[in-house]
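Heads up, the next two complexes both have chain A, just with different partners, chain B and then chain C.
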Partner chain A sequence: MMDILSSFSFQIVAIGTMILAFACGVIGTINVLRQNSLIGDAIGHAQFPGVVLAFMIVGTLDALSLLIGALIFGAFAFFVIQMINQYSKISLDASLALVLSSFFGFGMTLKSYVQGSSAYGHTGGIDDYIFGQAAYMLRADVNIILIVSAISLLIFIFNYQRIKIFIFDPVYSHMIGNKPTVMNALILVMTIGLIAAGLKAVGVILIVNLLIAPGVIGLMWSKRYLYVTLIAGFSGLVSAFVGTYISTAYVGFATGPTIILCLSAIVLFSILFGTHGAVRNGLMRRRHAA
Partner chain B sequence: MIEVLIVLIMTALATATLGVFLLLKKEVMTTDALSHTIILGIVLAFFLTEDTRSPLLILGASLVGVLTVVLIQWLQNIKLIKGDAAIGIVFTALFALAVILISRFLDHIHLDLDIVLVGEVLFAPFNRMELFGYSIPVAVVQLGIMAVINLLFVVVFYQALKITTFDQIFARSIGIFTVLIYYALMVLVSVTAVTAFDAVGAILVISFFVAPAATAYLLADRLSHVIMLSLGVAVLNSIVGFFIGYYSDLTISGTTASVAFVTFTIAFLFNKDGFISKRVRRKEMHSDLLQLMMLKHIESVSDVGKEDVYSHFNQSQRMLDDAFQSLQKRNLITSTADKMRITDDGVRLIQAKQVEFGLTTRGVES
Partner chain C sequence: MEKLITVDGLTVTYNEKPVLWNVSTSIVENSITAIVGPNGAGKSTLIKSIMGMVEPLAGDIKINGQSPKKMFDQVAYVPQKSDVDWDFPTTVLDVVLMGRYVHKGWIKRYTKADVKRAEEALETMRMSDFKHRQISELSGGQRQRVFLSRAIAQDADIYIMDEPLQGIDVVTERLIMQTIHDLQQRGKTFVVVHHNLATVEKYFDHVIILNKEVVAQGTIEEAWTKENVATAYDESSVTL
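Then we have the complex of A and B:
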């Protein structure tokens, strides 16, 4: 066991995923509470054409330029979703699905163009941006995760009160002078940044899970927002550690999916046995009925 | 080549029929979830059959698709978790399980991830079967059957579907089994997604379900029109997407999804309540009203100068010039040496408009 814990590649992967999971868990609570949790799914997929376009422009799989491409397309996708939502009768879930699949389809089209053309070099590694390849995480990737997570968490901490009021009482929040557009932009910057930073390391699907599952866990154990964010952050952190450990110790356990399964196990346990979970709720209801 | 196009069109028809109801019932993201989890079903069924062509794969995958819906419904029903979060945690967990099963036990089988995600409709004609003495691609038969079943389902249960979609409570009160209708729909969605999986993959099938329906929904108001229009849009997208993809050597499902987004965007901008049409119409109304008010002013103050008229309206110089020129062009006013005067046509228009707006004394008396 100590072998694994002291190995360099394990440390890199564990540190990267733990930081990312903590930040995603904390920031994800916002979207879970605002009933907007699938925005991560849509933006994560929609960033893919940005990654491929960045590759086409730069010519190498340079982590930073791909991150910028992802950020631009994430913001663009969000803008399109907002436009559709505001100026047509299409519901939010349909506009999410539409943007998700169309942008992703466009990304795959670009990718097939790149692969069919001799003008571009080796494209191996672009697929990592879909499924993630945590096991091959590099020092540079961890640095990006660290910087983006730190920025997101700092934004969150400095605006904690405003964000809290905005989540639970948007009308009051507007009344005391916090413009909804500014608040939305703040939340958006944090979410898109984390998705883009984590995309290569853990893939779209895990990012979606990291942004939702910890928040759900937090809500099963507490009704105080501060505790919810802390429980969310730490359950993400612990799952990332355990998941990375299992995936390093046993063959055939991809890191990203293993972390998801750890988190999912905690989610299931919390939904059933949490202080605000199904069993307690059921007991309470029966006691009231009696 | 024509066979590939037929497979694509069959996929489009099978998905678009159900897509309209998914859109209206706000279940599109549930579909996104089950289109991911059917991969788990395919893997599990493969463990049992060890055959990638087995029809059991379709059954197993559809079962897991339905299981996904049941799980999401259960989580939503116990009301501890909000609907969208329930979708998010269920499908990621099942998808992760599928990926681990593949990497742990099926490592020896080459699984092309691109095909999982976006399919490859070009391969469809390679898998053939004999039907009435003709050799036909299996995908054409399967997707053709799905398209017919889905169409029949919508036609036969049209009233029930319509009422449950728009008013669940009323539907229940007149004895429609809304839960049954819902699960019937989701079973068909899941079987359709599985059948279309080889051709268009797990993610792009969502585009096939939602994009034509959303486009049609913006262009038509009656449910029956929306359905028919969505079928038309679906076929159009497939044809255009196919030719772009085929001749530029790009992934055909990808180009079709991109084309579908373009058609949607056009509908979004230019439908009668669309983003651009609305602005154009507002501008037209604005300029019509300004012209009328200018005309009325010129009628009441004869031989008035241009600057004097302009000073009465708090509008940009360009708007005023446009209105003035338009009035002249329509022969409603004459303008000589900066003195403006209303013409007979102008007077008639003013009178007609006064009647139309109910501004005449005659209108009040009667």
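Then we have the complex of A and C:
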């Protein structure tokens, strides 16, 4: 066990995924409480063509360039979703499904073009962004996760009271001088940034889980928003550590999916046995009825 | 009496349909003014305009001679219960503390004095025993008391309320109206969207009858007539 803990590659991957999962857990509580969890999923998928295009322009899998590509496409996809909602009668879930699949389809088309063309060199790494390949994380990838997570968490901490009022009572929030457009932009910057930073570690398909699962866990154990965010953050962090450890210790376990599996196990446990979970609620209801 | 809030030629449209049409009215200082009118009359839009939350197509609103956007710390708002996410994980005291938000600096850290002010407000609304209660566990009347506590904790001069008596118990209704009258004695002004025509006379001293345009306005004696109400509600027989 000590061998693994002291190995440099384990440390890099563990630190990267733990910080990412902590930040995603904290920020993701906003999406869970505002009941727009699938926006994260759509944005994650929509960032994939941005990654491939950035690779086509730069010619290498440079972490920063790919991040910028992902950010641009994440923001673009969100803009498209907003436009569809504003100017058509299509419901939010339909527009999310549309944007998710068409952007991802565009990304896949670009990917197969790039990989089939002799003009581009080393293209194998692009696949890592679909399912994630945390084991191949480099120092540069971890640095990006560190910086983006730090920025997101700082935005969250400095705007904690604002965000809380905005989720609970949007009209009052507007009334006391917080413009909804500004609040939405803040939340969007944090969400798109974290998704883009986490793509290489967990991939476009699974990244939404890091945002949503910890928030659900938090809500099963506490009815105070501060504790919900902390529980969410730490359940992400612990899952990332355990998942990375298992995938390093046993051959054949991919890191990203193993982390998601750990989170899912905690979600299941929490929904059943959490202080606000199904069993307790069921018992309470029976007691009230009796 | 002084005019505290003036609305001049206000027109608001939503999706190119007029919601308010050339509305000119005023709120008298230290009054308890009801805004009454049928569904879709623009009552909520009018109070949201007064709070600077709606961009009007035309018209001008002044609170104490200032633009509403500069006066938000002096206006306390009691929203409709349905505008709020009641499953949000927070306690009663936490919600009331939000009233102190406008007095805080950039980081918005609440001090002991803020907590004390919030607890006093809860005491006024007889909700002290519930201060650590989860908001999802409250009844309709208790929720309304929490909102009014939040408004009281803000120490504002003007209270704007959107149907505060909708769907609450008799005890809470009496308590809310008693509190409003007590606060009027201390110089506060109230603008209240109200739906129950039978209690307008009993609870309010001024009224604005609205149906996209101003149908009638003034003191209850001047404006609250059967004819005016019938005009607003487009019915020949209305029982007051």
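Convention: the second predicted complex is superposed on the first by the 290 of 290 C-alpha atoms of A that agree within 3 Å, B and C clash if a C-alpha of one lies under 4 Å from a C-alpha of the other, contacts with A are read in each partner's own complex, and residues count from 1 in each chain.
One rule holds in what follows: a contact is a pair of C-beta atoms (placed from the backbone, for glycine too) under 8 Å apart; a residue touches a chain by one contact, two chains touch by 3 or more.
Here the structure is a predicted model, which is why all the values come from computation and not from measurement.
In the superposed pair of complexes, A:Ser9 makes contact with neither chain B nor chain C. Shared-chain residue A:Asn209: touches chain B; no touch with chain C. Of the two partner chains placed by superposition, only chain C is touched by A:Tyr225; chain B is not.
When the shared chain is aligned, chain C comes close enough to touch A:Ile176, but chain B does not. Look at A:Ile167: by the touch rule set out above, it reaches chain C but stays clear of chain B. Of the two partner chains, chain B is the only one that A:Gly252 touches; chain C does not reach it.
Using the contact criterion defined above for the overlaid structures, shared-chain residue A:Asn143 touches neither chain B nor chain C, since it reaches no partner. One of chain B and chain C touches more residues of chain A, and that partner is B.
Residues 219 of chain A touch chain B in one complex and chain C in the other.
For chain C in complex with chain A, the residues that touch the partner chain are 48, 51-53, 69, 72-73, 75, 77, 79, 83-85, 88-91, 94-95, 98, 101-102, 104, 106-108, 134, 136. Chain A makes touch with chain C in their complex at residues 33, 158, 160-162, 164-165, 167-172, 174-177, 219, 222-225, 227-228. Contacts from chain B toward chain A in the complex involve residues 23, 26-29, 31-32, 36, 75, 78, 80-85, 87-89, 92-93, 95-97, 99-100, 103-105, 107, 113-114, 117-118, 203-207, 209-211, 213-214, 217-218, 245, 248-251, 253-258, 260-261, 264, 268, 273-275, 278. Within the complex, the chain A residues that touch chain B are 32, 35-38, 40-41, 45, 83-84, 87-91, 93-98, 100-109, 111-113, 116, 127, 130-131, 205-206, 208-209, 211-213, 215-216, 219-220, 251-254, 256-258, 260-261, 264, 267, 271, 276-278, 281.
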